[in-house]
Amino acid sequence: MSILIKNGRIITAADDYVADIFIEGETISAIGKNLPVQADTVIDATGKLVFPGGIDPHVHLAMPFMGTFSSDTHETGTRAALFGGTTTVIDFVLQKQGQSLKDALADWNSRARGTTVGDYSFHIAVTDFNEDTKAEIKVMVEEEGITSFKTFMAYKGALMIDDRQMIGLMQEVKKQGGMVTVHATNGDVIDYLTAKHRSEGKLTPLYHYLSQPEVTEAEASGRFSDMADYTGCPGYIVHMTCEGALNAVRHATRRNQKVFVETCIQYLVLDASLYEQNFEGAKWVMSPPLREKKDQQSLWAGINQGLVQVVATDHCPFMWEQKLMGRMISRKFRTGIQPSKIGWNCSTARGFTKATSR
Amino acid sequence: MSILIKNGRIITAADDYVADIFIEGETISAIGKNLPVQADTVIDATGKLVFPGGIDPHVHLAMPFMGTFSSDTHETGTRAALFGGTTTVIDFVLQKQGQSLKDALADWNSRARGTTVGDYSFHIAVTDFNEDTKAEIKVMVEEEGITSFKTFMAYKGALMIDDRQMIGLMQEVKKQGGMVTVHATNGDVIDYLTAKHRSEGKLTPLYHYLSQPEVTEAEASGRFSDMADYTGCPGYIVHMTCEGALNAVRHATRRNQKVFVETCIQYLVLDASLYEQNFEGAKWVMSPPLREKKDQQSLWAGINQGLVQVVATDHCPFMWEQKLMGRMISRKFRTGIQPSKIGWNCSTARGFTKATSR
Amino acid sequence: MSILIKNGRIITAADDYVADIFIEGETISAIGKNLPVQADTVIDATGKLVFPGGIDPHVHLAMPFMGTFSSDTHETGTRAALFGGTTTVIDFVLQKQGQSLKDALADWNSRARGTTVGDYSFHIAVTDFNEDTKAEIKVMVEEEGITSFKTFMAYKGALMIDDRQMIGLMQEVKKQGGMVTVHATNGDVIDYLTAKHRSEGKLTPLYHYLSQPEVTEAEASGRFSDMADYTGCPGYIVHMTCEGALNAVRHATRRNQKVFVETCIQYLVLDASLYEQNFEGAKWVMSPPLREKKDQQSLWAGINQGLVQVVATDHCPFMWEQKLMGRMISRKFRTGIQPSKIGWNCSTARGFTKATSR
Amino acid sequence: MSILIKNGRIITAADDYVADIFIEGETISAIGKNLPVQADTVIDATGKLVFPGGIDPHVHLAMPFMGTFSSDTHETGTRAALFGGTTTVIDFVLQKQGQSLKDALADWNSRARGTTVGDYSFHIAVTDFNEDTKAEIKVMVEEEGITSFKTFMAYKGALMIDDRQMIGLMQEVKKQGGMVTVHATNGDVIDYLTAKHRSEGKLTPLYHYLSQPEVTEAEASGRFSDMADYTGCPGYIVHMTCEGALNAVRHATRRNQKVFVETCIQYLVLDASLYEQNFEGAKWVMSPPLREKKDQQSLWAGINQGLVQVVATDHCPFMWEQKLMGRMISRKFRTGIQPSKIGWNCSTARGFTKATSR
């Protein structure tokens, strides 16, 4: 099967010109002016922009969470992505405590395989780094083609690994030619502030923001960069939101180090004033939270300067009914009933609300 | 009883001049040229320097450690101090896990009270910060006059507190008008490296040094400064050894923050080349370890620039026979026998060897 | 002649205590409780604070300027200082183009000698550094006791020296054991902005401020520190006003360098909002100009951190009638008549208004 | 006329694949697998790399200098470039004092037009910024298509402009939508050091290096960035050589500023040890001079981090006989005979020796 896209304005990473594109099967086989070819399908793209398919390197599809799942399946999520021109998404496999990476991957494959309508791939989140997990790193890289190992410096008692595990993981990943990616916020400090706010009955969405101040992200981004430098392991910080964190990476570049930085669309265009509503603000609850205008400026500057290399979505949608679970948990806190271990602040953590409206 | 010290060259924090000093009881009551007074004792200090008594704010006397004690008691330690012109020492009370601060203080008082020959005071190390300990902070400040609360970011499983406890302690100490002091090195990373070196049979004193690289101290000093800034609590970093840590504090000063810095004599005059011997290098084993020449230069610059305010000793002597315990533990590791939880690398941790020769 | 000050609360650089002070001639000969001495004069200072005499290291007395003089003579200036407890002032000798340092010093001595009622000393401003001036540095240090050589990086065509002269001066001053002090603002940029504002008819006091933006001081402070570091010459920046300049010095401290920093009272307590009036704002015209609130905070932090060592006044008063000369010059500009070389912006440059009201 | 390049491995800014390239006239009209086209010329590129033509944005062809010219004409220079795959060079028009930009451009065009064998364009160096020059900026941009205005912060009395002119130029260039490029070294300090070394008879190539220490480039790069930020004018620093200068730009990025940085091949691969020979070292004399190994590492890191965007050559060759003129001038200095104003240190300033051997 072949397709000829005629006369579109082609935009690539390096160029901008008008030409025809000839596609055979799934592969572009020629680009040129007035290509002298026949095709099964001919599309006239005159006056239209033609982009390469986008890659969203940060999505969470059908992610199990507190007895529910993030509300896009691999099928609906990849379909939604295609509508926006995103032809590839990279999802995160999450290892459970005590689980092997292989089994975690099998879980995700069981939901994804055969259901997607676009291309997809996986990062794998290492939440339990021990001798067994260490031995699997090589397997993931060589047999499964997964080279990106996600870590959490937050969500203590759930997803978080400590610095001891981080250093160990980095040394092994470097050896196997992979990369360590990170959710870089100081989980201990956030835990303290979350508990403190809870004990004071401060449970509105605003306190989600106030429990994760800029310093928790700046500190952790610097610490991660220090460890990446010490071990020589390539590092990648996901969903960066603020000036302090970007300055920590900027500082790290002085020592001939490169740490890749990803930000997300929401941090570039929205700000924390959205939390100054009542429970309505829960629509914008995500972790890390939205920041200030000055942080938006910093992130744009970082993109402009080549310090931020990637813009992703951290697409992890929850329906409004799911968000309401947060309110119920809040109520339990007020009445002294203990919720499950991962509390409200973390629970509805991520979720870019445009997605929730689907 | 009165003493007249005649005609000495008096050196104070601000001045340098020749005069007489008249002392009644324990108090200087007059300083001047040819003081027209009679005294029980007259000392001719012509041609001699007369200093105020020194204060050593960092000593460990009769500190319990692995079934033994640091080798200076409060009596011998204060006597030794007097020989060097140091008339006051500040020792560290160490809370045990599960112990109240009050009981920990009582332990130390039981060894110190009535035995010292110079002035002394206490910092108190908080190693188990919980609701009970929190309630005692006010008591320590108001009833016991102890305003300085020591924390360890290293020695995991023994003295270390995590960042959650640190933030909680800082908020309470700030409220009570005290100060948090800190041993600032990343305990997780050091634990990882120590275990790694052990597993590889690398047990010579050099590996004590290589298990605590500069970055572990730089990182923790920055993290401590971040938390001190966030909570508004006055901070004090003990025994700083290196350029990286000093730069972390220098960086913190940009945000209108003051963190006090202490270094120790050994870090100003000795360097890590001393570890490149065989077990003889154990004489210089201390934590943090000696560093490089460039670090000495940084610390001197810090003193010169007012960034380092205090020079102390971290006097915590162990006799050579006690140091030899480290070797025995090393042998056990080689033969696969497990030592007690706190291993060799930490055990003989501190100890400035000039003291051990007494 | 002798004086006994009894029972005052004595405040020194290091201490705070109650005692008697016995003074013989011009010298304190004893301090103590109930000093057993007789004195010609006895002053009861019970309940009063007793300070050492203050030193103001930055004043301009009877400074020739545009056909007039700053309005305090050495007599009235030192008298005024005494009223505030300042017993020593350090004035600035200004070398004219083509003049020897010796002749410049003679000029100042001709006005000062025999007229002062307090102690005084001189810095000497080198505005024409050449081979002859170079030869005089040694003479100033060894024969005149003047060790502090002032330079101007601003006031092009009048007082400013270029970087070539600066490096040469620094190398010679270092050799002779002196110190180079500096008015650190980028004279070229200020000249450009002044001329631009003039050409646009922007002549109100606000444009004095806008012609000397923070960056001109930050840049010059960093450049001065670079040159001081390269030559190894001790450096001292006078009247620092802003965060940017302080950060430039903070940055310089990384390379084991100490540059002394002086700020002035006005920069700590007043801000640029005072220029947002009409000609009334001329009362606050000084160079560098008042800055923003954030700069005040930075300077206070610098004092707190030991980065700013000196608070002076830059006392250089002009009467309101003298300030009005600025307005007349402004008018000439509007009508196209050329004023003398040093224009308005520089003319009424300094002047702390408390002084102008005398 | 048409050309078909068959089956080469095509390397672009973003891609790497094997395909055919079809060229009609001077334009690529199609790229694809097995293009079904006929061409006048067919080239089999199997097993070969096919690159886009290179652009060297920094060359000096037939540059008039001290009575001679840099040894490549526009014809030989563009021919040599083509041999290396560089199909476009950007040369520098140099305005003489008192000359209009238009006349300067005419000079260059008189040598370049009709003689080149590859593509070329011009930057124009503004060495005499005044009201007339200011009026020409718009003309250059709109009528001549020259948008890049080169400045020299060094070569005092010849090419250097002062900061007053720099600010004025930046404000005008910004208005006209252009960019200011800069040779960023502190000309005053270099002049001082050059004169000092001359007066001490230190005339070997090593002193070319010692007269332009790293700090002169670091300082000027920071100052240029400050002025670019203040005026909002896009800036581009040519031939950056060292860590200090790169750190100055890195620091500038904190304020949401982008300054483009160019380095040259020689600074990435050669170092200053080449000057430790006798006159043989003159082969490597260029300005700024070669630096240390640590500077090479910094520049590579800068490329890796996206902080250095461009690698050029600063191709400005002189034959060995021309280099020998430097020696003759050196001899004159020794015998007290004054050379022309621009002395040896500047004269044979640039020149990448590979070129000199042609």
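By written order: A, B, C and D. Residues from 1 in each chain.
Criterion: a residue touches a chain if its C-beta (ideal position, glycine included) is under 8 Å from a C-beta of that chain, and two chains touch if they have at least 3 such contacts.
Treat the numbers as computed from the prediction; the structure is a model and nothing was measured.
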Mean-CA-position distance for chain B and chain A (Å): 44
Distance from chain C to chain B - Cα centre to Cα centre, in angstrom: 42
Sequence positions of chain B contacting 2 or more other chains: none
Contact graph of the chains (line, ring, star, complete, other): ring
Contact pairs between chains, per stated definition: A-B, A-D, B-C, C-D
Touching residues (chain side chain B, partner chain C) in the complex: 12-14, 19, 22, 29-37, 247, 250, 253-254, 256-258, 297-298, 300-301, 304-307
Complex contact set, residues of chain C against chain D: 156, 162-164, 166-168, 186, 188-189, 191-193, 213, 215, 218-219, 222-223, 226-227, 229-230, 251
